[in-house]
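In the two complexes that follow, subunit A is the common piece, with subunit B as its partner first and subunit C second.
Let's look at the complex of A and B:
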């Protein structure tokens, strides 16, 4: 058989070698003299789970991995655009400092991903902040301490921090000083984080964990927002006491007029409900097409009001998914049912809403009012899927009877009731 | 420029292929030539044979059609088509390599990605011969132990008979 592969141009060979697990790419050095350093100029170095699996037995995995990475860096020639170490076998060690120092010296690196074992925090050396060409930074289980005169990563488009120890104002400044930042993901900061986000180009924001306070002060281009917010009941009460008049709903959403999709899991609705009701919102979310909210407590008037205000500020909504939180009593709180009439704009219609999904429904009054409102105002609704909760089973017949009576604005609407 | 304009491409062995402009400009190289107004007559492609050019055009046509379709062709279906398209050439490696070189010359990123990924997968599966300059047979990257054994024997052989 002919040897066709060795004569391919170097640029194509690099493209091929980059698609191999790094150990296989390095192994090509033994094929022939021609191949000795073909691997050495690939611009992406990714050390992940696959790298770990083929290590020698007997030596410690971590030790072998560290030696391998150091050797690769030493033998490598040319620019490195992507450097990724993502394996739980590696923990904090002095070699990490040296690798980052090496990368920062040539400062060609554009993508840096460090996802290490969660047992310890890796202290990121300050030379990271001199990697001026960074476009993508992903850190997990690290400790970050930007130097005081750090002017920001001017090319950074994507920042993801998971379990990172960093001061709130340091993070705020970092975000503000990266003018091109489009994607931001912040998860599981050790202390409850209270931050203000100013990012004029931010398009995608992902937040997970328990946050004390988030204020989106300057995010005019935000189009996707996904929040998983854990909050114990007593925290909510504490917030109420601390910030009586500032409404979280306003703080969170009033500066994101271009929002296209909103996903709030865990207790996001509760978080938004903290603070005084702002009244009908002055802002409309003309581009908001998809709303997903989990664990909405329909016994809590404030959460119901948040939901109501949100959907009546989204005239072009296409898809709505709600999961109801557990209710303490089958009857729910029947009072103030009139808020639906009072607070909804007169003659409100959803002109684009096609899909509604509601899960864990108990059939308590406010849940039924929501369904009634949606059925009566959605002109082009196609499907409304309802999954009853596994508690309060005796309510189901009543729920169905009530549902049947509701007026439907869309002649095509199908109500799909899912039994287990 | 009307979007249904036809472009003529001429392969290295003189065969002419007429394609829609939308298909032709999947190739950035051809796109630039059109923009620079070099496309009045046929565009000559001296580095691409007719056999390979036919395959490249087939690929580009499929991908242009896929993105034009009313409900966009399922990504998975397109991937399956790509896999079938490239599978034939895994057996005929010469065609696979010619496709890589053509995709590179014509600057068609998706085809280059597809072909490079295919070669990478084949290397992982040890399906490539590489000629070593000392040993006159071809082997693949899995045979590290074999290499070391052969080299040791060769060195020993040399010592015995060539000193």
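Let's look at the complex of A and C:
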């Protein structure tokens, strides 16, 4: 019977071997004489905890894994385009330095992903910065120290740093010096980071963690923005005192006119609300289709105002998701309902808004005003889904009665009230 | 032509492309379906071929009629732009269900037509087939020949799991193989022993020690013959007796498992030891090819013997009882050192 597969073109065999877990790929070396070194020229090496299944006596998973990766690298021939190690079993060890040195020498590596155990920080050797062809870099639990004369990764399109120790200006310079950068994800830096982002080609930005300050100074092409911002309560107060004139909202969003989706969680709404109200915004987010804001405190008039300004600057909004935050410390008069009449542009309509979802609704005045506003101005609304919060159950009937009265601009609008 | 006339004419004039497969048969295919293949598209655009039966586009060798049929089914479905991703995925999942042989042929054909989406689909399917199977199962599925020698099978895996003894073994195998090849060039007589691929560990080691054409063995016995001529028989038997102590020494040293020490300790003694044993329990084999090794210098032979002893000892450093057996037993008919390497017993 003829051999079915060994004579297929190398590109196909490589395509098949790359789709196998590395352990299976290496095992093909004992299939037959022709297959002995076919695995050794695959261009993608992806290692995880599954690579070493059986433990030898006296060795740990970590030890076996290190040996496995080193041996594979040693037996490998040809270019390596992707190198990924993602396992919690591996921590900082000198072998990692050698792997990166090896990869940087051939300088063909395009994708480098290191997601290691979170117990220790791996200090990334400086030879990483000589990998000129990097297009995709993902690091976690690392310590990064770009050399002073580092000119940037000229091909880098995607950068993701999770729990990485790096100085703020080093990060800013890194971002600025990667002209093709399109995706950026920064999560959980050690200290509260105050960061300014200048990235002319940036399209997708994800920020999560404890940020002291975020300034999007130069991000004209940004279309997706997602921020999970944690802030200690005392930080918020400190902000109020320091930056009373500077409005965070304007500072943050005014340089992202092409935004298509915006998602803000935790303290994001609070962060935006810091500073004086700028009045009606001069920019409109014509492309903004999806807004998701969590933990908006509807008892804080400033946050409500932020929300109001945001949605009235987005004429083409299609989907709006809001979750009301725990209303613990109301700042400002909660009953200043006239802002809705005052600040909303006259005859404002949402021409594209189809889906509204609001969760943790308590039925407090500002929440109801928002719903009233949305129902009254959304011409093509299809569904409005409301989930009540688990507290204040006695308000429900009143809330529903009030909701029923609101004028609806869209004849097709369905109000769906979700009981838990 | 007026627009009205065009509108009437168009629906009846469906364009076809003519394709010729490797077996010479020609068929016509709807244009939009055929043009979905980049290779066909390029042929049509660049050379203008395919417009009639006489000018059919010759498809690459790997595309035979049944496979072409499958490919065209794929193209016919996917070239319609309005299909949803879910529909496409469902179609792909169903489409890919075929026996392995056809799948491989399809992969090859799709690659030659540069139909990348289909190549990706089939590659994924083949990877799924391979994943998780044992080597035997994979060989059976794809009809692969099991033509690796035992030590070759171990080599890449063992390297990865870090066994210095096996690494050394591999190195020595390589060197031995090279030297034996050289020796075989000088051979005039003696056909090779039939090289069977299914070798046990025992066979492998005897291959190393004795060579395919009894080269090394003859070598040793030649040495023995010579030695017998020169010194007296007494001297020889003395040597044998005297070396008994060394046997003990070596074997106890072995049982400590310290390969390093042994290497330093008594390489010469051990090889002489074995030689003398061979001499004592004179093999009943014919050494008609005894002359053939004259060209090799004794220094190399000495070195070879030493190396063989080295690695054999190393391998056996964990098996003191084997070592005892080895040193005390005479050589059986065809094998000198029946050493079982741990793990090599399994195929």
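Operating definition for what follows: the second predicted complex is superposed on the first by the 403 of 420 C-alpha atoms of A that agree within 3 Å, B and C clash if a C-alpha of one lies under 4 Å from a C-alpha of the other, contacts with A are read in each partner's own complex, and residues count from 1 in each chain.
The rule we apply is simple: contacts are C-beta pairs under 8 Å (C-beta built on N, C-alpha and C of every residue); 3 or more make two chains touch, one makes a residue touch a chain.
Everything numeric here is computed off the predicted structure, so don't read it as measured data.
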Overlay on subunit A: subunit C relative to subunit B, clash or fit: clash
Partner chain(s) touched by A:5 [first = subunit B, second = subunit C, both, neither]: both
Partner chain in contact with A:148 - subunit B first, subunit C second, else both or neither: neither
Which of subunit B and subunit C A:94 touches, first, second, both or neither: neither
Between subunit B and subunit C, more extensive residue contact with subunit A: C
Intersection of the subunit A residues that touch subunit B with those that touch subunit C: 1-6, 8-9, 11-12, 15-17, 19-21, 24, 27-28, 30-35
Subunit C residues within the subunit A interface of the complex: 100-101, 104, 107-108, 111, 119-120, 123-124, 126-127, 130-132, 135, 138-139, 142-148, 152-153, 156-157, 159-162
Residue numbers on subunit A that touch subunit C, as the complex places them: 1-6, 8-9, 11-12, 15-17, 19-21, 24, 26-37, 56, 67-68, 71-72, 75
Partner subunit A, residues of subunit B touching it in the complex: 93-94, 97, 100-101, 104, 112-113, 116-117, 119-120, 123-124, 128-133, 138-139, 141, 144, 147
Touching residues (chain side subunit A, partner subunit B) in the complex: 1-6, 8-9, 11-12, 15-17, 19-21, 24, 27-28, 30-35
